[in-house]
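Handing you this structure, nothing more for now.
Each chain carries a letter (A, B, C and D) given by its place in the written order, and its residues are counted from 1.
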Amino acid sequence: MAGLDVDGLGRWLRIYAASVAEHQEELTSLDAAIGDADHGANMHRGMAAVVDGLAATPPADPAALLKQTGMVLIRSVGGTSGPLYGTLFLRMASAVGGETALGPETFAKALRAGVEGLVARGKTELGDKTLYDALGPALDALDASLGDGEPLAAALHAASRAADSGRDATTPMVARKGRASYLGERSAGHQDPGATSAALLVAAAAQAVAEGA
Amino acid sequence: MAGLDVDGLGRWLRIYAASVAEHQEELTSLDAAIGDADHGANMHRGMAAVVDGLAATPPADPAALLKQTGMVLIRSVGGTSGPLYGTLFLRMASAVGGETALGPETFAKALRAGVEGLVARGKTELGDKTLYDALGPALDALDASLGDGEPLAAALHAASRAADSGRDATTPMVARKGRASYLGERSAGHQDPGATSAALLVAAAAQAVAEGA
Amino acid sequence: MKKLLNDPADLVAESLRGLDRAHPELRVDHENRIIYRADAPVSGKVGLLSGGGSGHEPAHAGFIGPGMLDAVCAGEVFTSPVPDQMAEATKKIDGGAGVLHLVWNYTGDVMNFDMAAELAAAETDTTVEAVVMNDDVAVEDSLFTAGRRGTGAAIAVEKIVGAAAEQGRSLSELADLARRVNDNSRSMGMALTSCTVPAKGSPTFDLPDDEIEIGIGIHGEPGRRRVPLAPAREIAQMLVDPVLADRDFTGGDGVLVFVNGTGATPLLELYLMYGEIAALLEKAGVVPVRTLVGPYVTSLDMAGCSVSITQLDDELLRLWDAPVATSGLRWGM
Amino acid sequence: MKKLLNDPADLVAESLRGLDRAHPELRVDHENRIIYRADAPVSGKVGLLSGGGSGHEPAHAGFIGPGMLDAVCAGEVFTSPVPDQMAEATKKIDGGAGVLHLVWNYTGDVMNFDMAAELAAAETDTTVEAVVMNDDVAVEDSLFTAGRRGTGAAIAVEKIVGAAAEQGRSLSELADLARRVNDNSRSMGMALTSCTVPAKGSPTFDLPDDEIEIGIGIHGEPGRRRVPLAPAREIAQMLVDPVLADRDFTGGDGVLVFVNGTGATPLLELYLMYGEIAALLEKAGVVPVRTLVGPYVTSLDMAGCSVSITQLDDELLRLWDAPVATSGLRWGM
């Protein structure tokens, strides 16, 4: 495969939107346990707006698509996840420059730039029990697989497994950031909702690339 | 028996207070169905105050006792039942004059005067689904029994049975007075709380006279 | 039952102690459970007295102050206060121009206020007039029943008559005005859930998760009928229709619309209901010119709302807008 | 779930429509979900902007008006509004003296307001300062966590800074004042029941009939700990103790005590709680000189309460007493 063009990226976002819709109740239930019971609604509102936006004003190239996605998320989600996911896509957009199809390395680098932007915005680190605990391991797995010469589809598949493990690993953590941190020790024993939606984002990328191949 | 003196009347009120305490929840549940769920608390508050008052300032004669009872009920109950039961006792007090022991006829006449006062205050008539539906039949049974030459104990026993039947007969009635009237047809099928406490009052009189005999 | 109290039997007394501490501009006679303006009696002004059972806060004590009531009597939860309280309160606020009793139409309240007026007449030379407020269209009105209940429109009556009393109007003028505002008003309420009376400790009625009660009273008395849970739009219609069917509100200088919360319904929902209700009124040619949205006449922890409409004219509008300084309603001072 | 709404997805939008109709003294930008003073921008006055998730009514829109806020942004239920809204609102209320963002300390709110300030700086020449309010002692404070939550004390900050803004004070003076009132304030809350977020349709948490949650947040976030249901007297102690342990309130010119209802708790109970709390404060040598009791910062239909204490001095007292005209707080005008 040559790389992810604007259609491939659009596929990614549509698959993610569908996946968020499917898991909306689960995300909200997880947030009810250690937060305020809105993460499912937030992500669903945002991704539905993203998909609508893609249909209404189809972007010309990857940078435009990623920027539009970031802006729509920031404008429509609110809460904690809006600025964080929004920043992720805005930084990805800056990182891809004018390319029309993102090769594996470009995609991986852009994703890392996006996650770094998110981390800076959230002032978070690994082990805080946030979406970064799913995204961080996914980035490392992606780079490692690509370094081993795997194609993007396989590498994203590995990244998705790493994100899932990272998500699972949030369960015993005591939250240090976000609303769950108010619970202190009581936050342990609950899977983080943001890490859960982040793992779905990586899974959607793997699926989008696999389907495009 | 010579008649009901101040001790006998005090016995009546103490028995009634105990009976109301025992039936408090039942009275409140009946009121919850077609009213505002306070008839048990109202009657209990009032009769507890009456009993306390009798101990604190023992009245000298029947008129004083009945007047004190009426005043305490009016001062402590509130709602619909306070003025009604209060009026009953105040009118009884006026009716007994200076007598120190009430013979059967005097007691019966006084009770009728009391109930008439209550009816005037409540602007009610038989069939309205109120306490009068228990008290009215009780008065008639009392007069009939006494007319047949029965002693007061037996006559009050008959009156109590009549009050119980009157109380039971309120169940199918559609209320025309008080809070239950707001329900219209929906008030049918529920026993009236006020008729229930009124039947207890007549039963307490029968018991007080029987025990004093 | 989950409530912030110690012993249910002490709830009213202890709540009045907190109210007393919280409001230096009021005085509380704890023995008689009377709450009154610290500056009572106001010389030359007709005293305005209302009250009723507790559990409707901010009614009644929340409406005491310049431009509204002079005193209220607090009964037990959902139980009318007693004549002694009312007679004593009448004395406390008699500034020489007489005292107007504003009575919410419930058998108990009417009887107790009647007896209080008799007491006051016997014991003092205070002139007392009473006006009975009965605005609830859920109840059939008839000479042979207890008549319609006094509900939300009492707020309009008490506010408007309170403003007129500050102008120095006479007792009989104020009584006429109270009757006029009452005649100009209609209300209708509904409940999503029952309230729980503390002394009982469990809900007054069982309402399935998918049913609501239309025509509820302010003491959790069951209403006209039960219907399936419906969207706010339809509920608004079920409240507005009987109100408009009972009186023509298209004339005059527009209406006051009061959307009342019964206790547990959030303001977020009440504003939504106001939007639905205002739209229905406008469609019917009724023009809201003044609005009140919030929990003013509550029924403990009942979820639900009621709507009260008062026909205004130039005079009533000016009196509604006049300054008032109570903890429940305040503007202009 | 029993609520007065049509579709949960439309709740906020439809509630704002009702609010718009009900309050001619406000303007609503429905597209951006901004509520602002009809006379905004007030020339020469610093604009005060706050806001946050919906579901806390009367916070935040109930505090817009002369003497308090100039605008608020409304988010979805319990979800921070977005930067575009805030940037647009900032423009609307900039009267040339800059705009102060009064931000309730939640990760989402802080991030969105940060981004809004960046947007405003990029797009306009409005000077923006932000003050984050964080008064909730239930939460451990640390540089490495999200820090303490912004809860009831925001009302004191917004009222006092609002009064100072009317006097024409500068942006940096007002920011300092806001920080000072925030530093002077501590809060602690509790819940008897969970709230139900409409989009979820069921209670956020399960609380058994015989347990309460101490240290609850205003979004139904679980609190510090669960304890058995207790008498009001003991609950008051559980709220007051951590507040007084965190700051010395015995100095100055007394304190403002704010007993807040979380939505479904009747005023009758809140006054009782105030009585218990005031007694505890007095025993600890803390003197309440101003009081606010009622549902001002709610959590939808949650039953419970919170207490906020603000240390006052002569200046803060005068600013608290200064005229204010909002639908939630009003006096002196």
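As a convention for this text, a contact is a pair of C-beta atoms (placed from the backbone, for glycine too) under 8 Å apart; a residue touches a chain by one contact, two chains touch by 3 or more.
As the structure is a prediction and not an experimental result, all values here were calculated from the model.
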Graph separation of subunit B and subunit C (steps between touching chains): 1
Chain at maximum distance from subunit B, centres defined as averaged CA atoms: A
Centroid distance [mean C-alpha coordinates] between subunit D and subunit B, Å: 54
Rounded Å distance between subunit A and subunit B, as computed from the means of their C-alpha atoms: 75
Distance between chain centroids, defined by C-alpha means - subunit A, subunit D (Å): 32
Per-residue overlap in subunit B, given as positions that touch at least 2 other chains: none
Residue numbers of subunit D (touch at least two other chains): 77
Contact graph of the chains (line, ring, star, complete, other): line
Interchain contacts, given as pairs of chains that touch: A-D, B-C, C-D
Contact footprint of subunit C on subunit B as seen in their complex: 28, 32-38, 40-42, 45, 74-84, 121-122, 176-179, 181-184, 186
Contact footprint of subunit A on subunit D as seen in their complex: 53, 75-84, 106-108, 111-112, 114-115, 138-140, 144-146, 149, 197, 199-200, 204-205, 217, 219-224
Residue ranges of subunit D in contact with subunit C within the complex: 2-7, 11-12, 14-23, 54-55, 57-58, 62, 77, 192-193, 209, 212, 229, 231-233, 235, 263-276, 278, 288, 291, 293, 295, 298, 300-301, 303, 305, 325, 330-333
